[in-house]
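Listed after this line are the structures, all set down as structure tokens.
Each of the two complexes below includes chain A, the first together with chain B, the second together with chain C.
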Partner chain A sequence: MGIFISRRILTAILCIFAALCLNFIIIHAAPGDPVRILVGQDNPSPEVIEALTIKYGLDQPQYVQFFRYVGNLLRGDMGTSIYTGEPVSLMILRRMGPTALLALTAAVLAMVIGTAFGIFSGRRVGSKVDSAIGSISYLFDAMPGFWLGLMLILIFASSLHILPTAGMVDVRADHEGFLRALDILRHMALPVTTLTLTLIPYYMRISRAAVVQALGEDFITTLRAAGMPESKIYRTYVFRNAILPTITVFGIQMAYLVTGSAIVEIVFSWPGMGSFVMTAISRRDYPLLMGIYFILSISVAVMMIAVDLLYSAMDPRIRHTGVKE
Partner chain B sequence: MTLLSIRDLCVDYLAQDRTVRAVDRFSLDIPKGESFGIVGESGSGKSTLILALMGLLSKRKALVTGSALLDGADLIAMSEDERRAVRWKKMSIVFQNAMNSFSPVHRIGKMMQDIYFAHCPDSAKAERRTRMEELLGLVGLPPRVCDLYPHELSGGMMQRVNIALSLMFNPELLIMDEATTALDVVTQTQILKEIAQLEEKLDITRVMVTHDISVVASSCENVVVMYAGRCLEVGSVKTVLTKPAHPYTKGLIGGFPAEDEEGSDEEKRPLTSIPGTLPDLGAVPAGCIFEPRCDQSADACKSASVNLASLDDGRKVRCRRYGG
Partner chain C sequence: MKRVAAVKKMRERLRHLPQLRIGGIMLAFLLFVVIFAPLLAPYDPYALSDNMVEAPNFRHPLGTDGLGRDVLSMLIYGARTSLMVGGAAALIAAVIGVFLGGVAGFFGKKIGSVIGEAINVFMMMPTFFLILIVVALFGSGITKVMLVIGLTTWVGNAKLMRAQAMSLRERVFVRAAESVGESKLSILFWHIIPNGIYPIVANTTMGVASAILTESSLAFLGLGDPNVISWGQIIQSGKSYLVDGWWICAFGGLSIIYTVITFYLLGDGLNIMLSPKLASVQNAGKRT
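Moving on, here comes the complex of A and B:
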């Protein structure tokens, strides 16, 4: 097991480095120039442009810039934002929390609800209930997240006035402690619902297929032939075998959610990473962008290792392939 | 004494636009204590017959009619609850795919104990554990197998586990559906020998479903030859396999290398095969079902249907040439 984990961590580090190189190349190859954006459109003076270019080291050859960046990174310095002058690490730290809160809640909810529906549906495969649930899931699958978000705002915030339209806290109320948590919860309701609804169909289809597949396995026939009650077969054997693919999907979805929720974050003005990335891109804020993508690739790698560990805990066949005697 | 008496058993698979009769008016008496072999090529309805007896065919996909009396109780007519009580206590089954017949993510002992628990909810944990180890001991496996996962065992060991599982409640009837087909010949012989011993010890009647005539020849007393869901020839292994009457039985035997019996120094005969394939069960010919592939067919075979006829040596044959 120890070998398995250390090997996974090593490959993760290699992956993160590869992602770093690619990000650097792509970000710097993209048209546009942070200094140009910084100085504005109205006849900027060439002296200012040159001074800023030198200040941020953008006059150096790209490979020098790259090695300088990696060197700083190894010393724990992610640089400062070109646009705001703040340390990148602090800016990201501030934004990570809200995104994690939103994405994790939505992913867990979607997994639980989606898997429940999938198992329910898979158990009745081919029935009217099954096809009804299937059709509804395709409906939600086809809805774009931002549209669903806007519709929810229209209904629950604009018309019914039960929930706030945007933001994470009510800035005028300035709650403390428990009331603040309650306030955040109220603000979370709509964006989480939007994300959850768009994610549910995915989990549903995966778990439904897994149930159908598990039901076709020979050991189910053995259990039936041995006189085991259907309810027990489902509760213990089908469920346990069908839950495995869901774990993998959860990991992939989570990694994707951190950035994928950007549009929903923008619709609800959620102060998270998603909207942050968009602004950083439009400003060509190189150090900030590099920092964001660096942190994202770390979180994806960590998530994948976590999923692998969870999977090996759930599936004995995986557990033993890591260590060969 | 007859243990299992099957009368006019029919199984129709319900496809979308037609029904396919996989087993047609199948009748068979299995005497207590005499092992029975069911042979036939793939698709001849052997497994369908077994699944129908065990009540494992989905009601939406298959229609089962006729009767099958096990100790006087009709397996076909009984309710799901009654059937659950009969399963494993009176009749159990060992499937072909030993590796896949246990859940891959549960320990072997867990699934065995769950099945025990399903029938004896009052049993104590220690009692269940003891019984599992006892059963594994019967088939020559150490107690630690309880704590292993299926993928940690070889195919032969898994088949032993399956046999151990099937013996859990000392069933009267043990069905082995191609149970040794996937094993290598050495393991197969070994397991067959052990089964024969267990049978004697535990007073079990075995039904062996296989397409391998040599398995039946070496381990069964009676044999029924199935083709396209019908019984073509039934009798003791000695009469049917040494002096086959039906052209199909002859063909099946011709496709297998001869058993090396003492004193038979005859020239090695060439292996033959039966031309053609199984008929389309959705459109069965009016006459003898085997007629299109038979090397002794006559015009009369094409039109009139053929019934089972009893011969002097105790066997029954479904062939016009024997008065069927």
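Moving on, here comes the complex of A and C:
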């Protein structure tokens, strides 16, 4: 177990470091000068450019910039935004909340609904209901999230006028307390529905496959032969097997939801990380982009380890194969 | 004689795999559209006209967009872009994945574990964000988009190929080739890869679908190639006319869904056909 954990952590650290290097190389090799964009004039004076270049350390050799960057990161300093001058960590933190709210709600809903449908469908494998549910999930799996979002806006906001299309709160109303929470909930309805619908197929497919596989196991046949009631077989043996892989998917999904929800956030002008990434890109705000990427790689790496540990704690077989590998 | 039996067996399998049959028909239609695009499109997809945001009618079966372009013609030409990007990106990912995975699985402990670890590391990278940054910063020509998607999505293929190579290297025919003195590289290319490539074929088919989705997302974010018509771009341009011209977005999305489902079905079918184990799991379920 110890070897397994330390191996995973080592891989994660390697991964974060690799992500850092890649990130640094890509951003610094990119054409386009952030200082010129910052100054914003067609013919800025050379003095201003020089002063700004020195201020942000862009005159130093690349490797010096890299080591300085890594050193600062280790001290918890992610630098300041070239554009606004605010600390990057603060800016990201402010945007994390809305994204987490959106992503977490959608992930939990999708897990519950998707697993329920998967088990339902797996129990009736090969039947008409099973293939009907399967076809619908195929459809949602193939649907681009941004398109689904636009269609929902078209139906619920533009035609029926029952839900807001953009933002997180109604700026004009200026609600407080409970009313504010209600307002956020109303604004969440469409983006959460969009995300949930696109995520459900994953959970469904996996839990369905797990149920089908569990049903094929010999011990189920034995239990049946021994006369155990069908409902008890499902409750105690089949469902447990079906829920296990779902948890893994949930963890992995959580890590990627920060990026996965980005495009849906943009469709609904949700004030989260998604639109933030786009602004950072268009402003060529290097420290901000690198900060976002760093946070993202860390969250993916941490989630992966958490999933592995959780999984190995629940299923001893994984532990052994993990060590052998 | 043997050939006839093989064909018969193939047919028998196809009968049990509606995914492959339906997917094949859908793909045939798609290829037909792509090949005969200039004959099928009623208008020049780039031609602007004064009939802006016109609802579907006899002259424009799927309406016109904000610049007066015929939506149907744009969709027909967009199919070319999608299939080209999807196919090329998936192929690049397949080649890299097969090669790296094969080397990692077949070559001894040292090289194998180094590449294996690299695969693990790459697996944890947030791919879409990486693609987004690269395309945004380096420009978004269609070739670049294909390359970037291909270069970042090979990991799944590499994992599959690695597992295949690891089990194949213990097989008798590989051992035999080794003892005869064939070089490692030639064994890799002549024995390991040809015998282990099946799961990658299925995975690559799925990869076409996800590359098409990625390309359309990029185009929707305004990061696509502005000189080439693509479905994501049509949806992006239609976003501003969502209320008055729903058809621009709606049909663009439906085209994406159709194509992605085509490749999902094919991938699914190939997966079951090429790995008997999966088929038996399915049948095991059916018995109950």
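Everything below uses one rule, namely that the second predicted complex is superposed on the first by the 297 of 325 C-alpha atoms of A that agree within 3 Å, B and C clash if a C-alpha of one lies under 4 Å from a C-alpha of the other, contacts with A are read in each partner's own complex, and residues count from 1 in each chain.
What we mean here is this: contacts are C-beta pairs under 8 Å (C-beta built on N, C-alpha and C of every residue); 3 or more make two chains touch, one makes a residue touch a chain.
Just so we're clear, the structure is a prediction, and the values are computed from it rather than from any experiment.
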item	value
Fit-or-clash call for chain B and chain C when the two complexes are aligned on chain A	fit
Which of chain B and chain C A:118 touches, first, second, both or neither	neither
Inter-chain angle, chain B to chain C through the CA centre of chain A, in degrees rounded to a multiple of 10	70
Partner chain(s) touched by A:153 [first = chain B, second = chain C, both, neither]	second
Touched partner set for A:236, first chain B, second chain C, both or neither	first
Comparison of chain B and chain C by chain A residues contacted	C
Partner chain in contact with A:223 - chain B first, chain C second, else both or neither	first
Partner chain(s) touched by A:213 [first = chain B, second = chain C, both, neither]	second
Chain B versus chain C as contact partner of A:244, first or second or both or neither	first
Touching partner for A:314 - first (chain B), second (chain C), both, neither	first
Shortest CA-CA distance between chain B and chain C [superposed frame, angstrom]	5
Common ground on chain A, meaning residues reached by chain C in one complex and by chain B in the other	none
Chain A-touching residues of chain B, taken from the complex the two chains share	54, 56, 83-89, 92-93, 95, 97, 100-106, 111, 114-115, 118-119, 149, 151-152, 162, 165, 168
Interfacial residue positions of chain A with respect to chain B in the complex	217-219, 221-229, 232, 236-237, 240-241, 244, 314-317, 320
Residues on chain C engaged by chain A in the complex (per definition of touch)	117, 120-122, 124-126, 128-130, 132-134, 136-139, 209, 213, 216-217, 220-221, 232, 235, 239, 242-243, 246, 249-250, 252-253, 256-257, 260-261, 264-265, 281-282, 284-286, 288
Contacting residues of chain A [partner chain C, same complex]	11-12, 14-15, 18-19, 22-23, 26-27, 30-32, 122, 125-126, 138-139, 141-144, 146-148, 150-151, 153-154, 158, 212-213, 215-216, 256, 258-260, 262-263, 266, 277-278, 281-282, 284, 289, 292-293, 296-297, 300-301, 304
